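Before anything else, here is the set of structures, which you'll find just below.
Below are two complexes that have chain A in common, paired first with chain B and then with chain C.
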Partner chain A sequence: MKLSFSELSARQRVAHLLDADSFTEILDPAQRVVSPHLALLGVPFSFDDGVVIGSGTLGAQPVLIAAQEGGFMGGGVGEVHGAKLVGILRLALATHPAAVLVLAESGGVRLHEANAGLIAVSEVMRAVLDVRAAGIPVLMLIGGANGCFGGMGLIARCADHVVMSDAARLSMSGPEVIESAHGVEEFDSRDRALVWRTTGGKHRFLMGDCDQLVEDDVDAFRTATRALLGVSRPLSLQGLLAEHALLGARLERFGDCQDASEVWQRLGVAHPEQVTDGEAHELRHKRCGNPPEWA
Partner chain B sequence: MEAMEHLHYAFAGQRVPPAFQAILVGVVGSGNLEVLLEPGADPARCTIAVTTSARGFGPIWQAVAQDFQARHRLAGVAISINDMGATPAVVSLRLDQAAAALPDAAKATA
Partner chain C sequence: MNWQALLQSLFGDAHTVERHGDVIRGTAQLQGQTLAVVGTTNHAEIGVETALAQARVILDTMQHHPQRPILLLVDTQGQRLRQRDEMLCINRYMAHLGCCVDLARRSGHRVIGLVYDQALSGGFITSGLMADTCHALPEAEIRVMRLPAMARVTKIAEDVLQALSLSNPVFAPGVENYLAMGGIQSLWRGDLQACLRAALADPDLSDRRAALGAARGGRTRSAEVTQRVLAT
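Showing the complex of A and B:
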């Protein structure tokens, strides 16, 4: 039976994604490693600071895992939260798991902890790249209703692979941020169809920013993730330069488009008007039939 | 900036659960709370420690906690709550959810 990934808490996602009863938490809630900043501001803290980390198995292969709780401060990365992410990544350098899985759901830096959160995000990026350089794949699984934005969006694109559902979103600036900065004429954050066309899993998949597009279903995430265990992408200066060139070319090619649907049309997606209402598996087929330079 | 309110309750109880790992249910989100159940130091009592952003609702917390304990009569359990303005119904629901996750012998049956 289908089990919505998006509707589960971070803790439930970990339990359902990994092999049954295989998860061992590190810094569990009873240890009360909580934010030192929130109480000073009169804001409730959480016993796990909004992120669950630990080890387990997936298809009997050892993995390390982190899952952000979007319900707590929008999954915002504070000092402790970020340190837990860095810690689980660094542990991978010692234990060499088949992958580090990051179930990302975050609006980015937790603004209450501004500087500490910003530093934490850069430390997480550094740790992701260290793990990749050691040949251990870092997989981002994005399927929560809050999406993956800000610093976490940047971190996600530092990983080897991104798996998204069509319910999820991935971007840098969130819709409200864009609207505040540039006006509602530029981007209406309350237009949900527009928001999902621009940042949703389908668009990210068609653009090549996400590698696997799945239904909002735990088993679908599990299957896609299992296939990526042990599959690392080489990390090299040449690779980074090539990606920068690709992003530059993307801007030239699509910079004058007024809407994501125009981008899809220009990409040569068959029946772009059917993208929004189509199922994830139909879209997988659409990208396969397209030229490889943006795959 | 107004500080959080801390409330503490202790109730006599009869039902001591077998050894259990800490249990966490719920999320600290708007109108929601997290409930952490741990083995308590006092085998004759159930303690409830609440940290809440909504100040001034002590009597209602007291009533909800008493109501919970009347249903479950737990002992040797320490309950810690981080609350972000949950309604009494949501608090009761989460407490019951946490109690239901205790090992079987601890489940309250009247």
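Showing the complex of A and C:
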């Protein structure tokens, strides 16, 4: 039976994604590792600072896992939240799991502790790349309703693999931020169809910004994740030169597009007008028909 | 300090750094050693093109000049806020820049970041903050957001934030705060060339920002929490 990934809490996602009863939480809420800054502001704090970390198994293979709670400060990265992410990544260097899974749901830097959050995001980026360089794959699983934005959007694109659902979004600046900077004619944040065309899982998949697109279903995430365990893609000069060429070609080919639907048309997607309403598995076939550099 | 004056202070006339739009790039000589210099000016907004242009310099340096040290000069207003850049996945372009800096470090290039004017959020995370160490001029400005904007977002009165920021560097902008939190390794004063030489000679290549933040009292929990995770 389908179990919506996006509607679950971070702790529930971890429990359902991993093998039953295999999860052991590190610094669980009983340890009360909380943000010292939110208390100063008189803002409610959380006993896990909005991120669940620990170890478990997936298909009997050992994994480390982190899951951000979008319901707490939008999954924003503060000092303690970031330090827990760095900790679980560094632990991977010592224990060599089959993968580190990051269930990302975040608006990016937590603005209540802005300076510490900014430094923390860069520490997480470097920790992700340390793990990646050690040949341990870091998998970003993006399926929460709040999406993956700002600093977490950067971190996501530093990982070995990105798996998204069609209910999720991946981007840098939120549409509200862009609208407040340059007006509603630049980006209408209330135009939901536009927001999804621009940042949603389907567009990211068609462009190759996520490696796999799945339904909003825990089992679909589980299947996709299992297939990627142990599949490491360390950075190399050749790899970054290829990435650079791809990003340069993208700019030439699509840099003048006004809307994602134009991008899909130029990509040669069959029936681009049906992309928005289609199912994720239908889209997989559409991308298969694209030139190899976009596959 | 503008970028020309900065380059003059660092290298005298011994550099070929030029401006191309908002990107500055070139090489410089220091004690018989050639450095690659790349960065931005004019409070550049970092869009997909600006990120790629900087990444190109780092890739060229890795490809053609192994081991050559790289100096990243930071002056940015942050990421470009446009629907078109988001459509093109600007976070992938910026992450690419960050990955290039990271691989350069791992491949034996010393990478030093210097905030010489202004550093804001996303534009800073994928350049200066990915260096071996990042430094700042005392008159530079580093921030995520100013207190009035923070007051709006957090719905906390600005005078309350102002009072808190006197004792807690997490809240208010400023290079001194980033120094206290360990995000900035040192402030460069006086003989800037001597500061650069010292940064290049630093043998420690690990990410010690959390430990520095704890030692300097500006970011007290980060290193401790990470250690507790590792101790499990």
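Here, the second predicted complex is superposed on the first by the 295 of 295 C-alpha atoms of A that agree within 3 Å, B and C clash if a C-alpha of one lies under 4 Å from a C-alpha of the other, contacts with A are read in each partner's own complex, and residues count from 1 in each chain.
To be clear about the criterion, a residue touches a chain if its C-beta (ideal position, glycine included) is under 8 Å from a C-beta of that chain, and two chains touch if they have at least 3 such contacts.
None of these values were measured; they are calculated from a predicted model.
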Touched partner set for A:240, first chain B, second chain C, both or neither: second
First, second, both or neither for A:3, with chain B first and chain C second: neither
Which of chain B and chain C A:119 touches, first, second, both or neither: second
Chain A residues touched by each partner, larger count belonging to chain B or chain C: C
Touching partner for A:39 - first (chain B), second (chain C), both, neither: first
Touched partner set for A:229, first chain B, second chain C, both or neither: neither
Chain B versus chain C as contact partner of A:72, first or second or both or neither: first
Partner chain in contact with A:29 - chain B first, chain C second, else both or neither: first
Chain B versus chain C as contact partner of A:145, first or second or both or neither: neither
Which of chain B and chain C A:47 touches, first, second, both or neither: first
Overlapping contact positions on chain A, where the chain C interface meets the chain B interface: 40-43
Chain C - residues contacting chain A, complex: 48-49, 52, 55-56, 59, 62-63, 79, 81-96, 98-100, 102-103, 106-107, 121-122, 124-126, 129-130, 142-145, 150, 153-154, 156, 160, 164, 168-173, 177-178, 181-183, 207, 209-210, 213, 219-230, 232
Interface residues, chain A side, partner chain C - complex: 26-27, 33, 35-37, 40-43, 53, 79-80, 82-84, 86-88, 90-91, 94, 109, 111-123, 125-127, 129, 133, 150-151, 153-158, 170-173, 175, 177-178, 181-182, 186-187, 198-199, 203-204, 207, 209, 235-237, 240-241, 243-244, 247-248, 250-251, 254-255, 257-260, 263
Of all residues in chain A, those that touch chain B in their complex: 9, 11, 28-30, 39-48, 50, 69, 71-73
In the complex with chain A, residue positions of chain B that touch it: 1-4, 22, 24, 27-29, 32, 34, 36, 38, 51-53, 80, 82-84
